[in-house]
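Shared between the two complexes below is chain A, which pairs with chain B and chain C, respectively.
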Partner chain A sequence: MTEVVATNQTIVVVGGGISGMTAALEAAECGKQVILIEKNPSLGGRVSQLYKYFPKLCFPTCGLEINLRRIKANPNISLLTLAEVTAVSGQAGDYSLTVKIAPRYINSNCTACGACADAVESTFPNEFNYNLNQRKGAYLPFNMAYPQRFVIDPRMIGTADADKAKAACKFEAIDLDMQPEELKLKAGAIIWATGWQPYDANKIQPYGYDRFANVITSVELERMMDPQGPTGGKLVRPSDGKEAKDIAFIQCAGSRDRNYLKHCSRICCMASLKQSTYPREKFGAEGKSTIYYIDIRAIDRFEDFYQKVQADTTVNFIKSKVASITLDKATQNPILNGNDLEKSGTGKDMRYSNAHDLVVLAVGMQPSVDFKAMNLGLSVNDEGFIELDPANGGQFAAGCASDALDVNRAVQNATASALRAIQVINQVANAEG
Partner chain B sequence: MAADKKIGAYICKGCGLGERLDCNQLEKIAKTEGKVALAKQHDFLCSQAGVEMIKADISEGVTHVMIGACSRRAKTEAFNFTGVAIARANLREGVIWVRPDTDDARETTQEMANDYIRMSCAEIKFMTQPETSGEQGLIKHILVVGGGITGMTSALEAAKAGYNVSIVEKQAQLGGAAGQLFKRIPVRAPYQHPADTGIAELATAIAASDKIKVYLNATVTRTSGAPGRFSADISQESGSTVTEQFGAIIQASGFKPYDMNQLTEFNPDNADVVDQLGLEALAKAANGAAIKRPSDGKAVQNVLFIQCAGQRSQKPGHLSYCSGHCCSTSIKQAMYFKQYNPDIQTTVLFTDLRTPGAGGENFYRSGQDQCVTFLKGIAESVTPGKTGPKVKFDNLLLNETVEQEFDLVVLATGMVPNSGPNPYLEQELALAKEKKETEKVVVLEQELVFEKSKASILNLDYRQGTDMPQLVHGFTDSHFICFPYETRRTGIYTAGPVRRPMDIGQAMDDATGAALKAIQAIENSALGRAAHPRSGDLSYPKFRKEGCTQCKRCTVECPFGAINEDEQRYPQFNEARCRRCGTCMGACPVRVISFDNYSVDSVGQAIKAVDIPDEFSEKPRILVLACENDAYPALDMAAMNRSEYSAFVRVIPVRCLGSVNTIWLTDALNSGYDGAVLLGCQKGDNYQCHFVKGSEMAHYRMSKIGDTLTQLNLETERVETHEVAITDIQRIPEIINNMAKTIEKIGMSPFKF
Partner chain C sequence: MSSVNTAMVEKYRNNFLKEVSDNVEEGEWVRMCMQCGVCSGSCPLGPHWEHPPQELFMMIRANKREEVLSSTSMWMCTSCYNCMVRCPRELPITHIMHGLAHYAKRLGLAPKEQPTNKFSQMFWNNLVQTGRVNELKLGLALYFMNGFSEGIKMSMKMRPIGQGMFFTGRMAPMEILGGHGVKDQKGFHAMLKKAEELEAARVGAHV
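And now, the complex of A and B:
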């Protein structure tokens, strides 16, 4: 049975991505008691699935390592994984939460030796790699997964493989009878750091993500570039494994469009500018990127990066909202169709039909959680983000639960949220003397 | 080694260690060579039973725990003993997981494990549990420099959490740039209309707060001390100076609008050409009625907003960056006109309309709904026309050049950060000159003239300059994407547009985040706990004054400006300013600087503890000093992937490559190591070093190691320094194996005894 101590001076942080880890750490490093609740088996969130960050082109796992070390060293943080908040009641300074914990089927005896994974045969789509490859039914989600503890896929329970896993473990770490649990927690303040999900590219019918193998999303490209990822870091196209040397990026794929997401997802321009360096990284001058855009939103000093990319002769910019994608069946090349706005007034034909090896949809960012449906008494805007509203009481959003934000701004926002939660806790503490 | 030290050595036989290694031999080595008080083996050391065994020994007097099991990064919850020093010999990720399980490999694998036990036993003898110095202070009082919307917000948010604040504002009133606005960009749904600035409300709340003191017409004329015990002189225009004590500082010194007079092509002398703040003044004067143009008071019927005026431009004197808020600001200002009279022509001339996020896009859409015209184009010039300023611009969508007269032209100029002089510019210039980077020298020389003309904001009495280090374009931002608040001056945080160009909504968030960091600095420095990234570390640099030669390397090389010099010119470490990277320890030529649990001895003795086979054994020894933040985790992950690397290496994690003292290399080479590899983070402009300059300093020091090698008559190839990343999971084993090949090629070191 999971045991955690929580009082009305506890801050509950929901979500263990970079925003949630930041909010939890910043509060805990002020001496506050924090319970960090993560739905997945390990911390890290979306950023741990990125190959590189813009604009430095540095690696997200570098900061993750520091944050994990801070968490390991901090006794003020209790971590619950495979856990989801299902209900909240009460008010600022006095909340009650219901948390459901799914069974991991592996207890804290696990040493991450990997014997269980070696023993099993069954495989499942690897969600860490956006299902681009398979993983074992007993698995560590990724190399830096924390807690560093394996997971048994629930779909394997009841099969002979599950028994094999259990038999292989020398440390009695596998408990196939583990049951879901429900916890009741007290909290003085709650931080929703539930993050974002990529907009479902299948809904953008004209782009044929569901029909064309060589149309992928920006988040999938990140996994493909990772040497530990599904292609071993090879930039190849899914249809035939051919090197993807000529890549098109379609901006606002699902964003700034009344049919899909109304809002601008902020990160996609910079993400594509960053990704336009990937073909060059892999293929040198032979790598080519073409960015189809409405506006390039490289605000503040990100502009420096935009200018650097503009100076790169392997990258082309076409001001156009792509109308549709068709397929050249012979080559499997996707063909982008649309009007090049910068050709208007020139007398030249504005229309284009450009073939590329691979198309990357710069998919939009939407909140992971439907806060309206959860009925939390929060002020939620039309886009589904939590507004900063005094009426929210002791509940605050951090990171992409509050808006479409890049990592830097998400951390900034999460740090601010930590203080907002502390203000509530300190008021409770004062009142209780 | 103090007499009261009692070392317990614990060797785990789980995860295959028992099968792959002769653990009896490891235990024996710990006892006979490691001279530990007791040594034990356990089948499953991280289990409850194993942990209880260690705990029982601790209660029986063990003060130092040496664990021979998995990596120090694994099983941290289990091996978490308070009040004792802990060293971890990495036998799993460091030995058996990187070596093949073959009979041939067994001997060298065992030797690897033997050495790691020797090394950890040697290391732990020189470790003590760190204790705080006692120089801590707890002053729950924050200094906020700047009384604009960022500073006001920081003050109120900190006060709401129970902390006292003093705001020091140069002007006669609070409000800063936001106080000059008619309305602000909305920060709440539905993001359709300009909103009240909120300044009056904030000012009322500040006046009502018994926790906030405001100094107007005042500047900070001296700041000394450290987090938890800053002392600042606040001088008022009247001539009076008060000195107050603070726990932490927030610099919210804001921005200045770019000087539009520099944009001569846009006819800045024309009364009807204004910048965005100029338009705000007109709107404020109109207060909802018709906005009148300055030249003749005519109600404006036709206004043009020129975006990116003097910004996003590489022309000399222009700003190369984007100021972020100006697109939304122009939309807001167009609405000032539209909301008075929808028939007024408002045109925004832009190249990229930048209104990100949910709020941004809604506001843009609202502008479109209110019939603001958005035109993709670039303004070439503004000249006096018949009825008003005449603008010549390229319409980028129709590919034509247009000349048109407007009643009023608004230039969306950028934000120039109001930062103090860059403390490191002269150093950078000297370095560029040394490296003969002529282009950079010219740029830096110009910058230096500008920086020197700036007034100091904080007047820090720090050895490394009066003000906050800058990242780029004068902004005092952090270089870390994951850690936007981490400045190079502990306990001093910058917020708002001095940190990075930003709008009011972001500045208020930023102000709140900075207030959190200030509070955190206060609470942690009071307990002697380090700030990021070694959060909570209690160790701090101690120095043996008798040995110090006052060479000043530590004071110069400290990446955080933590070290001052006292009256007798000895270094003054200022514990609370220190980030515990150990760069000072690495810099010290006479090795008088150490931490309780990390020192020249703790690493040096581990190096010396390695058993060196003789010259004819064909068993070279290669020392690897790996940054614990990136290189070491990468090695762990290589092990998780079961990558193999040479059995001849002995890896020691270091806090930062900057902490590597060259004596370690010299000693290693003298004692018969055949090669050494240093693995640090990326350095230079795009550095990834968590301690900013540590990796760079290490590279610089190692560039001179060739002399040492030559003196010893050794090949220079024997020592290599690499910049690696945490993702170099395949590359680092290759680097190691290449060194092993190099040694094979050039032969063993003759320095074997």
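And now, the complex of A and C:
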């Protein structure tokens, strides 16, 4: 059984991405008791799936490592993985939570030696790589996973492979009889840091993500660039494995559009500007990027980054929301069709039909949790994000649960939420004397 | 130019956007356009017209009144609705196109030789006579729209279809003598006159 101590002076943080880790650390380093609840087998969230990080173009692994070290070193944080909050009742200073924990089938004896993974043959789509490749049924989600502990895929339970994994483990870490658990927790304050998910590109019919292999999403491109990713870091086309030297980026794919997401997802302009450096990184001057945009929203200090990319001769900007994508069957090149607005009013033909090796849809951000359906008593806006509202009592949003944010802003927002939660706990403590 | 046109110029002076907003069907939506270009890129008539929708909307804002109202562009719209389903701001683009054409026509600024405009007028003239469309006369008028020799050529080309319609009872040759009509033609004409008055009063209210 999972044992955690929780009182009405405990802060529960839901979601262990960069925002949840930050909120948990800020509160714990101020001496508060924190329970950090993550649905996945590892902390890290979506930042751990990025190749490089704008604006500095460093690798996110380093920031992740610093945070993981702080968490390891802090006795005030209890971590629950494979755990989800399913119900909340009560009010500020006195909440009761129901938490469901899925079995990992591997206990804390695990040394991450990997013998179980070697022993099994069954494979499953690798969710960490947005299902672009397969992983074993016994696996470590990614190299930097925390806790450093393997997982057995529940779909493998009851098969001969599961027994093989168990037999291969020298540390008696595998327990195939582990059962799902339900915990009841007390909390004084709750921080929702459940983050975002990419908008479903299949819904954007004119772009044919569901029909054309060489139309991918921005999150998939991040995985393809990673040396640990599905292509081993090679920038190649899904259709034929050919090097993708000429890449088109389509901005606002699913954002700022009343047919899809109404809001501006705010980070995708910067994400594409960052990704336009990838073809150059791989192929030098032969790598070409073309960004199709309505207007580029590189907010405040990111303007510098935008200017740097504009100065790069391998990057081309076309002011146009692409109308549709068709396929050149012979080459498998996607063809982008639309009108170039810079030519509007000049009397020149505005139309274009441009072929590229690969098309990247800069997909929008939407909340990963349907807060309205969960009925948590939270004020939720039309876009599904949690609003800052006194009526939320002792519940606060951190990071992308509150809005579409980049890491810098998500972390600032998480720190603010930690401070708000601390105030609630201090009131409880004062009242209890 | 019509007197309504002069009155409208007088009233709206340098604010064509407002004029469109007040007088064109669905015209109030024009201000919602964010110039993304998806409509223009989605139009199957793209290669054939001077100003695609996004450009017309920009010109409306830029006070290019004469150029917009005398343009042939909005007359080219075939109502395929491609633009409308893709517009991220949900502008009723197709309806605005027809609204603009209609408004230009009302002001007497619509390009007279534009085929859609020409045919629409022909259809109307044909219809108002008896309250029923006279297929035979309308068809002939259409064939001879571009001159006598063109008309003969067209008639020859369409002969098999005409014959087919004749034998299946879809076209009566005696229609050429006047044709069928609604029962109460007097009442029908009175109704049209009333509608015209109402329309004039409505336009007048804005002048």
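Definition applied: the second predicted complex is superposed on the first by the 433 of 433 C-alpha atoms of A that agree within 3 Å, B and C clash if a C-alpha of one lies under 4 Å from a C-alpha of the other, contacts with A are read in each partner's own complex, and residues count from 1 in each chain.
Throughout what follows, contacts are C-beta pairs under 8 Å (C-beta built on N, C-alpha and C of every residue); 3 or more make two chains touch, one makes a residue touch a chain.
Here the structure is a predicted model, which is why all the values come from computation and not from measurement.
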Overlay on chain A: chain C relative to chain B, clash or fit: fit
First, second, both or neither for A:G31, with chain B first and chain C second: first
Partner chain(s) touched by A:D300 [first = chain B, second = chain C, both, neither]: first
Partner chain in contact with A:N202 - chain B first, chain C second, else both or neither: neither
Partner chain in contact with A:R256 - chain B first, chain C second, else both or neither: both
Partner, of chain C and chain B, that touches more residues belonging to chain A: B
Touching partner for A:T111 - first (chain B), second (chain C), both, neither: first
First (chain B), second (chain C), both or neither touched by A:Q134: neither
First (chain B), second (chain C), both or neither touched by A:T2: neither
Which of chain B and chain C A:T86 touches, first, second, both or neither: neither
Partner chain in contact with A:L341 - chain B first, chain C second, else both or neither: both
Chain C versus chain B - closest C-alpha approach in the superposed model, Å: 5
Doubly contacted chain A residues - partners chain C and chain B: 256, 341, 344-345
Partner chain A, residues of chain B touching it in the complex: 14-16, 44, 46-47, 70, 73-77, 157-158, 160-162, 187-190, 312, 314, 320-324, 352-362, 365, 376, 395-400, 472-473, 475, 477, 479-485, 500-502, 506, 509-510, 512-513, 515-517, 519-520, 523-524, 532-533, 535-536, 629-630, 633, 637, 640-641, 681-682, 686, 688, 690, 725-727, 729-730
Chain A to chain C touching residues, read off their complex: 206, 252, 256-259, 294, 319-324, 337-341, 344-345, 349-351
Of chain A, residues touching chain B in the complex: 18, 25-26, 29-31, 53, 56-67, 69-70, 72-74, 108-109, 111-114, 140, 143-144, 147-148, 170-171, 226-228, 256, 262-266, 295-304, 307, 341-342, 344-346, 379, 381-383, 385, 387-389, 403-405, 407-409, 411-413, 415-416, 418-420, 422-423, 426, 430
Touch list for chain C against partner chain A, complex: 34-38, 40-42, 46-47, 52, 54-55, 58-59, 85-86, 88-90
